[in-house]
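We call the chains A, B, C, D, E and F, going by the order they appear; numbering starts again at 1 in every chain.
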Amino acid sequence: MAKLPGLIGGLGITFKTMLKGAVTVQYPHEKEAPPTRARGVIALSEENCTSCMLCSRSCPDWCIYIEGHKEQRPPKREGGRPRSVNILDRFDIDYALCMYCGICVEVCPFDALFWSPEFEYSEPNIASLLHNKERLGAWFATVPAPEPLEVGAESGKKK
Amino acid sequence: MNALAVEIPWGVLLAIKAVVILAVVPLGALVLGYTFLLKMMSHMQSRLGPMDPGGFHGWFQLIGDGIKFLQKEDIVPDEADRRVFALAPTVVVISTFLIFVVIPAGPRLQVANLDVGVFYALAVSSLSVIGVLMAGWASANKFALIGALRAAAQLIAYELPLLLAVVGVVIQAGTMSLQGIVSAQQDGAIFGWSGIGNPFILTQFVGFLLFLIAAQAELTQTPFDMPVAESELVAGYMVEYTGFRFLFFFIGEFGTATAFAALAATLFLGGWSIPGVHGTAADLLGPLVLVLKLMAVAFLMFWVRFTYPRLREDQLQALAWKVLIPIALVNVIITAIIKVAI
Amino acid sequence: MSTTEQPMTPGFEVDPAAFRHLADAQVNVELDTGDMILNMGPQHPATHGTLRLVVRLDGERVIAADPVIGYMHRGYEKLTEFRTYPQVTTLINRIDWLSSFANEVPFVHAAEQLMEIEAPPRAQYIRTALTELSRIATFLLFLGEMGLQVGALTPAFYGFRDREHVLNLIEAATGGRFHPNFNRIGGLKDDLPWGWIAETRNTMKIVLDACDVFEDLVVGNEIFQARTRSIGIIPGELGASYGVSGSNLRASGVDWDLRRDGAPYLAYPDLDFQVFTHPDGDSFSRYWVRLQETRESARMVLQLLDGMPAGPIMAKVPRIIKVPEGEAWVETENPLGQMGYYVVSKGATGPFRVKIRSASFSNVSILPWMLRGVYVPDVVTILASLYFILGDIDR
Amino acid sequence: MLLNQFLILAAILFGIGMYGVLVRRNGVLVLMSVELMLNAVNLNLIAFSARLQETSGQVFSLFVITIAAAEVGVGLAIILLLYRNFRSPDLDEVHQMKG
Amino acid sequence: MADLATLTSRITDALGDAVLDAGEARGTLVVRVRPDAWRSTAETARRTLGFDYLSFIAGIDWMPAPVVGLVEGDTSTPAQPSDMTFGVAGSAGRFQVFAHVQSTTQHAGVTFRTDVDEADPRVESWVSVYPGADWHERECWEMYGFVFEGHPSLRHLYLPSEFEGHPLRKDFPLLAREVKPWPGLTDVEPMPGGDDEAGEEGAA
Amino acid sequence: MVAQNVAFGILALAMVLAAIGVVRTQNVVHAALYLVVVLAGAAAQYILLAAEFVAWVQVLIYIGAVVILFLFGIMLTRAPMGDLEGLNNRQGLPAVVATLALIGTLTALLVDAFSDQEIVLDAPTPTADIATQVFKVYVVPFEAVSILLLAALVGAIVLARRD
């Protein structure tokens, strides 16, 4: 193609783009689905949590607050020793502090924490960004199933 | 000079004219702002622009913005020269209003058919420089002052090519009256063929380009928007303005764009005229035709605005003095020679 | 009424020293006006961030400029001393937030060197691909943004538009758009998701097209050339002694790219790529070099996808990471230039001292030299063409 | 309209302009006062031209306007030069002709 | 890349008796020079050895951080060994300055290091040799309190000019970690009659 | 004619007040802006006197260029932004006396000479008439003015250059 003067070529580009139509999405009306892996919000599966504090301690921001107490449970088998069980009283994540690094999800040994790609939880009040365990538990329904991996990946490796 | 066949009392006519002029500037600003700033620019940038306000393609956006500006607090900097600061936007807007006085929208649809119409339009358009300098100086802000100085230097420099570009048209039409120029184009002929009249864009194409370039500079639009360069001077002389005063500047900017587009349409595209349509029919169709031509010119101007980077201050001065003015002078001479020869 | 003996009003007072200085900077004659101090920033559109530039002006000409930084200083070098190694990667993500992934690589690499482990080849390839993707994302933004700074609004939107595709890829693979935190000492957090490679191939086509658009819309534009040619020239030798690196230095004719010339890292030794230099050293050549490098990066990504080996993505690493005592200096060619970490470990779970050598810090330190004698509009051009990220300056 | 109303207005403007020239110290302001006087002259020219139904007056007023523009250009250049050498636009301080 | 042994001998030959010690940090040469030869080292490096590129200048404090406010079992804050050890090239005392220079043509680099006296922290400035040293030395000055002699203007770079203290010194506390209680404190409540009744606290 | 006389009165009052503003204000920029009012008033007077073309030349050249030049000069020499003392010299009182004497004399003379003269206008002067005059009758002065302009241009540049 013969070289047009740059000034005219530029006009051509903007004109072509104008005819091509928009690539943007009118957000509140239509939504783009974030990828499965997107680190949107952390969901808590409360029954899996043993309040072991690992996530809280490994958090670079110290933004996970956990409180719990131990309770005696009757032994599983007749005549056994009574078990002591950790009961979770409080599990809060302060999303105003969270860096979304995902270390807590990784260190959790009991599969109690999961990433969900949900992102619409902005708040007008910064204090409302502290999600308690009920709220974190509600996110659990949005956690996607693990996706298949690309060719060449070692199979059977999950989170 | 009454607009319709019925006899209208002098005072009422004056009032009607005043209302039309008062309405046409904000309306023009609104239409151009919406069509080009919000919609055309957005599409050129692969987006849609505002879609929600008003339901249909965000047509209410600018009106809403205007209402928002009216509600805003009127902030005047402490160090500012309050009276001058307050007066500056008005001066800019008044200069815009005055241009529309002579722009004809039909054979009888004109506020005043001045003998020196073109000259008048260009003279009053230069008034806005005063407003710009006032704004920049009174804001007590260095960015504003630099912006105003740049604007003034630029507006003065480009007044010349603007005038000279028009001179060619004036020579060809043999009149400075805008009505005269329009009818010269409507009734003219190209090599004896009068099918489309003789729009001066054909014979004065150089003049048309010069006019567009100079108008772009007068409007301080890209590539000549150094005075308001948002990436360095933030908003130049407008930096301290808020609320309805800023709204005035906005109306001034797009209103003047409308005015210059209308002027260009009148001077080079035949204004309200459609070949062969005269009399009352032209009065009825004229405004529509003018608006269509005006929008076509404005499209060109904004297309350039949204595509190009801006020239540096010294470069745009050099462009005006070393390129545009010589070309314009040559154009005038050639036109004059041809006119005399024929 | 005052007397004639009254000294001139304060507004007219001019520092004579400034005028002597001015005489040196003066290139052509013009009206003599008093000088004035202009504060550009910390909140100024040209500084895209919180850089403050104190500029002394004579008319529109800069006679001295002093960048004031630190408005975003987060003290990462101190913070790293209080974090464990896995936690540090989340911090250093945020140094140069436009190419976070590339920030992680040298640090993780340093830790791996100290622990004497090596990530498996597949992990190296994925790391390289993501590094190049973040380079593309960074440069696409630059290519548009530079247009914006010289007054063209539209290229900026094209830059954002096309970068979005690349960010989508990074997000699909890592889960984070801006802060991937995907590198682990010894490998990666996860393998690529299904379909990623095909998607990347498509996106690279988009990127190459985008480069053509910028070539026509910006590089070819006469006004852009008038605004950038021979503006802000960095002589190669001076640039090097200031520590200017990356594309900025290559645009000054210094043929030096750590991907090719540094200690071998990632999968770069396996790749066939070209290093672009430009002899001029002005703003235009910096733009041009980055444009070529964007293209080259897209080609490199395609090469990586073709040669992607199968296998594990994680080496054998102890569960609790303790790095043995020692020191390591790892430098990489990041989008903005040389990024290096000097890690001193004393055998604990966290580093003892981390010196973060970020590219923008040195790139910007040459500004006082560059800005002397230029016009105000050129200040903006030069700032944009140096292309710095505030987080990368302030750390 | 009477001819005199214009002529007297012109006289008053001329007087005010002269006052300015006499009183002002700032060079720019002196130039402005001179402009006032020139305008008074123009007003006279136009008024007589209208009275006599003759366009020569208008033509000469055009010349006056042109000359005024030239005068301001040179005048401001001189003032800038003075400002550069004396660091003040004050004319009263210019009692020595050294640069 | 020139190999390390050749590079070492080239540098030590050129610097002569200024070299106190040399070592290797994972593939990078570290050369410790006498404090009074710090600037001449830079001159030799730039003019004779061809290291035209200044990568960085930084300080280091070899003193272990005093453990303040840290709790037993805190795995989020790494505990450093409490005895003072020095890096690969040794050190005379607590403070050192180190700088990395490179060559854009030979594709090689070296880290120079010199000792800084704790009582009188003075170092020669490199600004006259590498103009880019300006900001690095200002940073080092405000972070460690090292005075670079010959630097044209040691002003604050990052911190506000009224800032007191030298943040990167190890004895400068990181307040963010001290004012907020470590999350491990809010531990599980003891069982009635349990063995770990003491020392546990409630809500944070 | 009544409307024109009313218009004249309003304009004349504004012009005189603004002219006094020009010579009395303590702010240089305000002086320039007052000058704009005087000039615009003069342009309006020209229109009253049917000299339309001159009026718009006045607007274009005086307001559009001369005042801009003034403002430019003021801003370039960075006149202090606020009010300032010392814009006037100490000849205030004698100047007032001289001015009043001048105005008085002139007015008396004018009243004596032209008090019966009336202006009767029918239509605005056609611009073509002025053009004919300029290019036929006054072509030599016109050329002289052109050369003067050129000389002024060269002179201004020579003066303002710094070398």
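Rule of thumb we're sticking to: a contact is a pair of C-beta atoms (placed from the backbone, for glycine too) under 8 Å apart; a residue touches a chain by one contact, two chains touch by 3 or more.
Treat the numbers as computed from the prediction; the structure is a model and nothing was measured.
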item: Chain with minimal offset from the mean of all protein Cα atoms; value: C
item: Pair with more cross-chain C-beta pairs in contact, given A-B and D-F; value: D-F
item: From chain D, the most remote chain by mean C-alpha position; value: A
item: Computed distance of Cα centres, chain D from chain B, in Å; value: 33
item: Rounded Å distance between chain B and chain E, as computed from the means of their C-alpha atoms; value: 63
item: Whole-Å gap between the CA centroids of chain B and chain C; value: 42
item: Gap in Å, rounded to a whole number, between the CA centres of chain D and chain C; value: 59
item: Multi-chain contact sites of chain D, meaning residues that touch two or more partners; value: 80, 83-84, 90, 92
item: Shared-contact residues (touching 2 or more other chains) in chain F; value: 53, 57, 65, 72, 76-77, 79, 81, 86, 88-89, 92, 160, 162
item: Of all residues in chain B, the ones touching two or more other chains; value: 44-47, 306-308
item: Residue ranges of chain B in contact with chain A within the complex; value: 40, 42-48, 51-52, 303-304, 306-308
item: Chain A residues within the chain B interface of the complex; value: 7, 10-11, 13-15, 17-18, 20-24, 26
item: Residues on chain C engaged by chain E in the complex (per definition of touch); value: 69-70, 73, 75, 77-79, 81-84, 87, 110, 113-114, 237-238, 240-245, 249, 254-256, 261-263, 320, 325-329, 331, 338, 340, 342, 344, 346-353, 355, 357, 361-362, 365-366, 369, 394
item: Complex contact set, residues of chain C against chain A; value: 83-84, 86-87, 89-91, 93, 122, 154, 158, 161, 164, 168, 171-177, 179, 181, 189-197, 213, 216-225, 308-313
item: Residue ranges of chain A touching chain C (in the complex, touch as defined); value: 3, 5-7, 9-10, 12-14, 17, 23, 34-39, 58, 60, 99-103, 106, 115, 147-154, 157, 159
